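In the two complexes below, chain A is the common chain; its partner is chain B in one and chain C in the other.
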Partner chain A sequence: MEENLNRHSKISAADLERLSKEAQDEATPSSAKIIWSEFKADKPAMVALVIVIGFILFVMIASLFINTPKMMETDIMNYNASPGTNGFLLGADTGGRSVGQQLIVGARNSIGIAIGLTVISSTFGICWGLISGYFNGYIDWGMQRVYDFMMMLPMTMMIIVLVTIIKNYNAVTLTLIFSIFYWEGTSRLIRSRTLSESEKDYVAAAKTSGTSNFKIIFKEIMPNISSLIIVDTTLSFAENIGVETGLSYLGFGLPIQTPSLGTLIANANDPNNITQYWWTWLPAALLIIVLCLSISYIGQVVRRSADASQRHGIDA
Partner chain B sequence: MWKTILRRILIMIPEVIILSILVFLLAKAMPGDPFTGSINPKADPAQLHHLMKINGLYDPWYQQYWNWVVHLFHGNLGNSYQYQEPVTRLIGSRAVNTLWLALFTTVLTYCFALPMGMYAAKHEGKLPDSIIRVYTYVTFCIPFFVILVIGVWIFGYVLGWFPTTGSISSTANPGLPSIGSRFYHILLPGVLGALFGTVNVVQYLRSEVIDAKRSDYVRTARSKGVPEKDIYRHHIFRNSLLPIAAFAGYSITGLLNGSLFTETVFSYPGMGLLFINSISYRDYTVITALVLIYGILNLLGTLLSDIILSIVDPRIRIQ
Partner chain C sequence: MSLVEIKDLTVHYPIRSGFWNRITDSVKAVDGISFNIEAGETYGLVGESGSGKSTTGKSVVGLEKVTSGSIMYKGKDITKKANRKSLDYNHDVQMIFQDSLSSLNPRKRIEDIIAEPLRNFEHLDKNEEKLRVLQLLDIVGLDADALYKYPHQFSGGQRQRIGVARAVATNPKLIIADEPVSALDLSVQAQVLNFMKKIQREFGISYLFISHDLGVVRHMCNNIAIMNNGRLVEIGTKDDIYNHPMHIYTKRLLAAIPETNVNNRAEHRAKRLKVEEIYREQKDKYYDKDGLAYPLVQITPTHSVALPEDLVDQLKHEGEVQA
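What follows is the complex of A and B.
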């Protein structure tokens, strides 16, 4: 290649190196680089990022050392033990179960489900939006009617009904049930962007040169709206933490024997717990607030880096 | 404009039919039956079969569905197995509570959000704008049920300012005191809902007003010498208000979904709490009726918003 180049042009190898280095410096940095420099420029965002990643790693690793069935055994002697007594760092609940351990395992379960839900529902929503926006015609019309219908369904109620129908559900089935109802927001966003993107010249050029629709959608349009996809996924991750915990709070999320941040907050439904034994539910509530705020804040930073005019880091 | 509305309504009809079939089948698929738990465990199984039979629970599903739809059009949603009361009357008494709460929250949300949105837009890019943006974003991303639980703990239990259960005090006299007591019970959930539900209205109003600020009619008004205060009050605000009003429809659907949480936390006897209770008692008739009602209310809320928007913005009308 280089030999070939040298034979036909007068540019020497040293010049070529210099030129390509210059071109590299001038090129728009990759989106990962932009996002990273945005985090470096914004200290609170860095803190949020460290908190979230550190916390997720912590609960993932710590929960490996906790024997869940043993933890969920009732221990009458430690009924509502207050924090710091009998070796319970965060106290125990009405069944004498350690709140601290439940918090770790519960956070792992809740975050795991939120990640699963985000991956499944975002993937589906993105594909739905891309296809619906690209084909624009009868296909779009039909898909829009399905979308309208899904929007009409009272989501929380439908999930509760489905959860009661399925007899032995676990975290995986629960995630799938949630995913049925949580792709609409993403799909609408992606569709409207795809609609405007499909009218651009590069799509027309690809069509005339005979590129297949599949290739145009996933290899040409999708990379061009990737920043939107990243932003939307981060923000919906924060939202999805609220989905599972909310339903577990109502008693229709994870089964009782599987702790979740929602079931811990549900301890507050007992007037005794909420007034006297605050440690049974308040830590979980505060944890959800901190997690959601940090993740959304990260989402805001990512959103800012997607829009060149708002960046604090690299000016591209 | 009428074409748009007519078309929307025509699309609604199949949607409602599919919803009703779906809801009916899902309720049928729920495990258990409404009788086993409620009668004496020593009762004769044959008697149970008899009960199931006279209630038509052994018929094929389409037969049951058809009976249900025919009854529906006669205004008869069946009897609640749990309360032994006609479902229409049961839901009617609960719906009033839910709708009062939703209405109060919506009005209060606008009371908080309109000044905030206007103020943020007026001081675009300055400190008040960023404070309001941070506020809306913080309130938006915390799951609402967590706020409710912490709110009821602080203001209901610790400070004791507000009642924590029910929709009316049992000792309230009829007349004015009972209305006062009802209001007192919806005050805390309403205020919390409004404080934490402003994001849509604030953001939308803000961008509307910022657009309007740069439009020609505002420049004309300014060059005529209209005072700045009047420009905002009479020119910009009026023009930005209608699209905002359209959000009321969407916000009602959001509140209905949230009512499950609000009513559980506050033990407020509305439709949401009724639904949660009916699920644990397998009270099919109530469950199907409630899901259907919520679905139709969602649909009407969206329809209302779309109609207002199509009046305001001729671009989205169908030719």
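What follows is the complex of A and C.
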């Protein structure tokens, strides 16, 4: 082949450097660059990105300086201290514990669980959907029956039961328990797209080029459904913050001595707190709203940059 | 010995129905066809849509699961996956697809697309590989600045040439060209076809050229097989098929080629109508009672047609009278 090509093509090894430089100049920008220019073109999304990244970094670092057991000690003297008094920036709750500090540690716990849950459940769901959709036939049949069985289980009930059975649980075990139940939606979504994607000619071309199934799934098909994966992951991240807070609100999430956004919002269960001591629950509620909104803004931008026809960025 | 020998190839798709979802019937996409592809030649496979020609092509390249029959290459039956693997079959047999856009991964750069078979079959170092890709691009008439672009940035003709470059990257012995130009406009068709011919001359590649366009097939192929409803109705050389067609289906296909000479419009029309009339009147004679083609009967060493013996004799006689 080599002699053959050299005979019929004017290009030889001497031209390699010059030509690859030429090609380099004409290259289409990489996807990271496209995403960045898309963020620059969309100001609200840029603000959202700064808020989310800034806030996550802030709570991760700030919580290192907070002594949680000491913070959670009851201090009767500061019973429902209002914001600004006795050095409590956001006031104190019925136990006299600082709401501001609880918010920082609680947000770290809740976001940590949400990130862990999203990473585990999305990775598993995406792999499950891709493999099921690509191989089709008996493999698909078997995998979808497992899916059906998991869907049949009452999710919230099961989680509550598991949390009650397991004596000593913390943020990590709670994340794993959630992960058992939260991969299904993703997997069905990914499977349906994979089914149509694996019928396309580029997959057949990859097969005739001798590419292995594993590589076709993860290097050919997965990049082509990346916009779907990104949207689904960002949305499920926003949703997963709600999963933990929801259960903690009901009292089945993190143990009572571990603060989370859910336990803070649970303060609103008390009518006194709702009417008079708003500072015990309002900051946490606002925080969740702002975070979820920001995340969905970011998701939209990333989705747009994956689809050339929807881009706002000029130089993309 | 021929390069590839296809013998009694059948591809049936099961139809499932009923409460238990059992196989109740099957679609006979390819129903027992045999032909040989010689080294260095272009073999044309012609037929209407749904006649099974693409399925045949996909079976030969190893993309379709074959129900029965054999495809022999280097003395091994490549319908079995293990044989394909041990021969590195796809190193020698590649495919050009009809839809140039969907056959190129939209998320990959041209360099990665063309280098894909090279990476799998010939493990070159980075610079060698890049040089090879640049040379391939040069051969199909594209500039080096295509290297880091994405498929959607090219026109249809350019994309199809990228597809050709990928197919010839490993210097295969046979390329299955599944309607490679039917999605392109006429001027670009000629361009791509001439590239394919040039590459064939330079690299000594055989083509299995699948098409429904008899004009294109005449330009490209030496030997032609006509397919109808999963069976072969006529095989022969270019001369046999275009100048001495025997089967009514072949005659109808030939009558469908548009004529550009406007002066003889009425004459062409009359000829076409006559073929159609013969088809309507004598349909039962040309097909068996299920509406399928008969087994092939050899007329001359190169020419075979799917007709009962007596009809062949009758048609031969008529031909002599006319001559």
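Convention: the second predicted complex is superposed on the first by the 281 of 316 C-alpha atoms of A that agree within 3 Å, B and C clash if a C-alpha of one lies under 4 Å from a C-alpha of the other, contacts with A are read in each partner's own complex, and residues count from 1 in each chain.
Here, a residue touches a chain if its C-beta (ideal position, glycine included) is under 8 Å from a C-beta of that chain, and two chains touch if they have at least 3 such contacts.
Treat the numbers as computed from the prediction; the structure is a model and nothing was measured.
Applying the stated contact rule after C-alpha superposition, one finds that A:185 touches neither chain B nor chain C. Once the two complexes are laid over each other on the shared chain, residue contacts for A:200 go to chain C alone; chain B is not touched.
In the superposition on chain A, contact is made by A:288 with chain B only, not with chain C. By the document's definition of touching, neither partner reaches A:255: not chain B, not chain C. By the touch criterion stated above, A:238 is placed in contact with chain B alone, chain C being left untouched. When both complexes are overlaid on chain A, the residue A:155 reaches chain B alone and has no touch with chain C. In the superposition on chain A, the residues of chain A contacted by chain B and by chain C do not overlap at all.
Residues 1-2, 4-13, 15-16, 19-20, 22-28, 200-202, 204-211, 220, 223-224, 226, 308 of chain A are the ones that touch chain C when the two sit in their complex.
Residues of chain C touching chain A in their complex: 58, 61-63, 88, 90-91, 93-95, 97-99, 102-109, 111, 116-117, 120-122, 127, 130-132, 134-136, 138-139, 144-150, 152-153, 163, 166, 170-171, 202-203. Listed in rising order, the residues of chain B touching chain A in the complex are 11, 15, 18-19, 26-27, 29-31, 137-138, 140-146, 149-150, 152-153, 157-158, 164, 256-257, 260-261, 264, 275-276, 279, 287, 290-291, 294-295, 298-299, 302.
Remark: chain A residues 145, 148-149, 151-158, 160-162, 164-165, 167, 238-239, 241-242, 245-246, 249-252, 265, 268-269, 271, 274-275, 278, 281-282, 285, 288-289, 292-293, 295-296, 300 touch chain B in the complex.
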